[in-house]
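Each of the two complexes below includes chain A, the first together with chain B, the second together with chain C.
Right, the complex of A and B next:
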């Protein structure tokens, strides 16, 4: 691999040579672009700024950071955020555990399954989450009735545990499948899976070892993308949790918004910054990898 | 160590190895398929079965009811809102993408695309609160400029459209930026050398090449706005008739008991509408891939 990386010196030189000066663009184009960018900046930045002002400026009182300091003391903040993070981790693990072997299998030994997998991982995009939720809402009591005489009854009850609703993890895995699949698929396309796996197997590596030390490092950027998208999805998910009656982070924000408007807006700003930081971390990791190879 | 096991492996007859590898490879996809069948197939069957059952007997009454009166108004309201958001978002997003793609500033380009990646995933509850803090009744911009006296309200159809554009425009930028990058400068030069005006270039070269991406983007935006529930629920409650809000109300017991099956019928209506729109998207995506490589 390393032998391939240094590019011939001549090529790099010509690539980095300054481009010939372009003829000046018409003034009209520059003005037009300035207007578009200005409107966009106003539209996207004003709500962010206004939301921040809203949280720190109480009418007739003035500047205060109370809304931000209160976040951590408001009842339910820690437990709902912990629940959301726990659900996110469980969802990411389950998505990857289910998807990685299946995607590897369609590339190595069952290519005819590939279109099937593709369709299965596209359908959840078409079904609106609320419709899916309506289906789960009706399925759970039905399953309880039907499975009551069997040992599975306990399972159905267990997945609805208020402290850690596994049913939400299951639903989120379905919702995250399309995004995780796309992200992993592009990572798999960029490497020669078959050669890598055969080389590793020929050297006597076991399947778990092939997965962990050969496949996973090579699709790191795809894994990071899949994990990020899943994390963002679970941390922001409201529909399923609200209608099935659980209390993760987004449902909690709405619940407190009635009594503490400023705190709920402060938490919203906080969650946007958190998502932003995560995305930057993921994309910069991807860039570093690309420039290294 | 490695030498020994690799020679062991090569000593084995190839036929045996092939026979062993094939079922094993296929089996790796089984957990995903089983999971999918239960977690996605189960609710899907419940939706269809419930939508066509009334008081325990097969019936199309639910479906008929879901297309009448207030339910029909809500369904049409959702379609109208999604259409407005999709078209407006597509136009604005394309202009923004063009302004960014043609810009010589690399920093501007990178930051806008990264920001688009974040904002396109920024839906749900925090989005609603961001805008409530900005343009809601007690919002910063509303109170600063005294907009309430001018009859401004965020909690209606157009307010919702304004808020939905906040994640739709960035999504369109993400869709259109690669397509606009694929519009080769040579085509433009060739058109100019042949005496074409700017308008003629766009009319006969630019728009036809971009059309599949444009329409694909419109479809994605439509789907996103159509399925959105959290933002609308946190923002307008029930003042704007939307099908997602109707389903949410039916499931959280805000309406008469026994209407769950109408909620399922509405869910099925939603899936059909979203499916029809998506069916347009997939062939288009394949067509645009032909020009943009």
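Right, the complex of A and C next:
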């Protein structure tokens, strides 16, 4: 996340000035910092390394990259990954479309409602996903029965389409709300929203223009953070998708793990690297334009 | 750029139980700079926000050149505004900030760039177009904000305490530049401030506000010399509150109907303005209307002296504990060292009086309001 919050640019006046001598850090602090970093690195890298070794070191065969070469040919890999990425993009868009105007409206017009919005957005954190999914699981058949005689019946069926289950997007939006809210809230707090909006309105800008040319560019780091967290959540979510009977990437990985253990772990390692790459792309998108400016 | 006539008619705005504007009436002539001056919460910023379209009045109308704009959205008001807090868009450099409104109006890129450069030169920042807000000082940011407000050639310029976040020296320089630009462009300007020195030094007229209404709107000199009410007299400049007794006129000790007069520290002076019912009053006297003469057996003792360049302000204590502030020429400071005895006399001209608070004694009533006072000479 550190990459999402760029360091403030140096003032031009002082840009040419020689950097002040950095005060020497006590040796003990440096040692402790190194130890903490090493422990943190080991915590993440040892399981990853073990998984990698498991995929390339096959008993009685030795070192081989077969598991990785098979990834793209395994049935279901592309479709499940594409489904997950599609769900992630839809979820990110919907979360931002819902949250941005709501948060802006609350800040500008009804600051007293901010705690209400905050609590609403935080509730999904305290509801266990299994309970949440059970609710959806019970609700869908009931909705089908109740709405059968109405035009909405087709809608209920459409959101459960196996090719692109909108019901999963709706569920993921709820699950992502707490993280997206936090990220956007800190970005909004960093700017004087009211003054910027009023300044833009005073310059003749319409509300959509205010949103697109003033608010969005100035909360880019928050938007990137919200997208970043939502992407990570969707690419790793298993419970809801599995219980509702869909086959996005995480469910597919578990499914093939029973028959092709090495390939399954190789896919996990690959998906982890892919997720990191996507997260880096998302976070750097939030930073790049700022740096360019 | 030509100024427009701005009229407030019976503006009323209530927030919860707080009345921010209470029937505000004011007319600002084309090309005039009017300062709205008053203590915090008096409604001056609310009035400005109503013109800008950021607040809707509960009653009353705002007219610009006779056109009712009360319900016109903020983005169609044709009123440029400079805010109290830094309001530049952080994602845009100074040039793009200035050109923002032109871009909204779809002015061609080359034309808006030229206009932005022209305005940046006008506010003294011709070399700063490429700088981002975080690379500009507070004063520079407010100059860019001023250029941005002027970019669309608005009919009215609204300044909401634009100098309050700046240090004293920059404040003085920038306010002079604002006045220079305002005169050069002949643009109707409303300047909100709680700093009376600022208001008195650059405005054509100053409207002193209190509790959502205008107490007095007059030229700075008139406001200072002939305050219409005790509130204005106390708010603008420094004021002595000396205990006095009405001797004629309404409530006077003699019960007569002659022109009201008041006795104060042994002198009888005509009363200007409203006369309270009770004969015991506070007489409001400016320090420069107090004449001090060094006199070994005088009834006053100089407690303190503060040198202010052209003048010096003396704090004297009269026998009986009455405290008086007086201004003397700066070069005479040496004659009025603390501890020196002196005599005190008031300039013989009409004075304002206000009711003396119940329970206060003559001596205790004598105070000097000096909280936000500018140097009288500087204020003029």
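In the analysis below, the second predicted complex is superposed on the first by the 230 of 293 C-alpha atoms of A that agree within 3 Å, B and C clash if a C-alpha of one lies under 4 Å from a C-alpha of the other, contacts with A are read in each partner's own complex, and residues count from 1 in each chain.
Everything that follows uses one rule, which is that a residue touches a chain if its C-beta (ideal position, glycine included) is under 8 Å from a C-beta of that chain, and two chains touch if they have at least 3 such contacts.
For clarity, every value in this text was computed on a predicted model and none was experimentally measured.
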Of the partners chain B and chain C, which touch A:195 in the superposed model: first, second, both, neither? second
On chain A, which partner's contacts cover more residues, chain B's or chain C's? B
Applying the document's definition of touch, where does A:203 land relative to chain B and chain C: first, second, both, or neither? both
Once chain A of both complexes is superposed, is A:78 in touch with chain B (first), chain C (second), both, or neither? neither
Taking the superposition as given, does A:214 touch the first partner, chain B, the second, chain C, both, or neither? second
Is A:137 touching anything from chain B or chain C once the two structures are fitted on A? First, second, both or neither. first
Looking at A:281 after the superposition, I want to know if it touches chain B, chain C, both of them or none. Which is it: first, second, both, neither? neither
Could you give the residue numbers on chain A that contact chain B in one complex and chain C in the other? 201-204
For a test of understanding, state which residues of chain B touch chain A in their complex under the given definition. 1-2, 4-6, 9-10, 21-22, 24-29, 31-33, 35-36, 39-40, 42-47, 50, 92, 95-96, 98-100, 102-103, 108, 114-115, 117-119, 121-127, 129-135, 138-141, 143, 165-166, 169, 223, 226-227, 229-230, 233-234, 244, 247-248, 251-252, 260, 263-264, 267-268, 270-271, 274-275, 278, 282
Complex contact set, residues of chain A against chain B: 29, 32-33, 36-37, 40, 43-44, 46-48, 50-51, 53-55, 57, 59, 97-99, 101-102, 104-106, 108-110, 113, 117, 120, 122-139, 142-143, 170-171, 173-174, 201-204, 229, 232-233, 236-239, 242-243, 250, 253-254, 257, 261, 264-265, 267-269, 271-272, 275-276, 279-280, 283
Mind pulling up the chain C residues that touch chain A in the complex? 52-54, 73-77, 79-81, 83, 85-91, 93, 100-101, 104-105, 131-132, 134-135, 145, 148-149, 151-152
Any idea which chain A residues touch chain C in the complex? 8-9, 11-13, 191-192, 195-196, 198-206, 209, 214, 217-218, 220, 290, 293
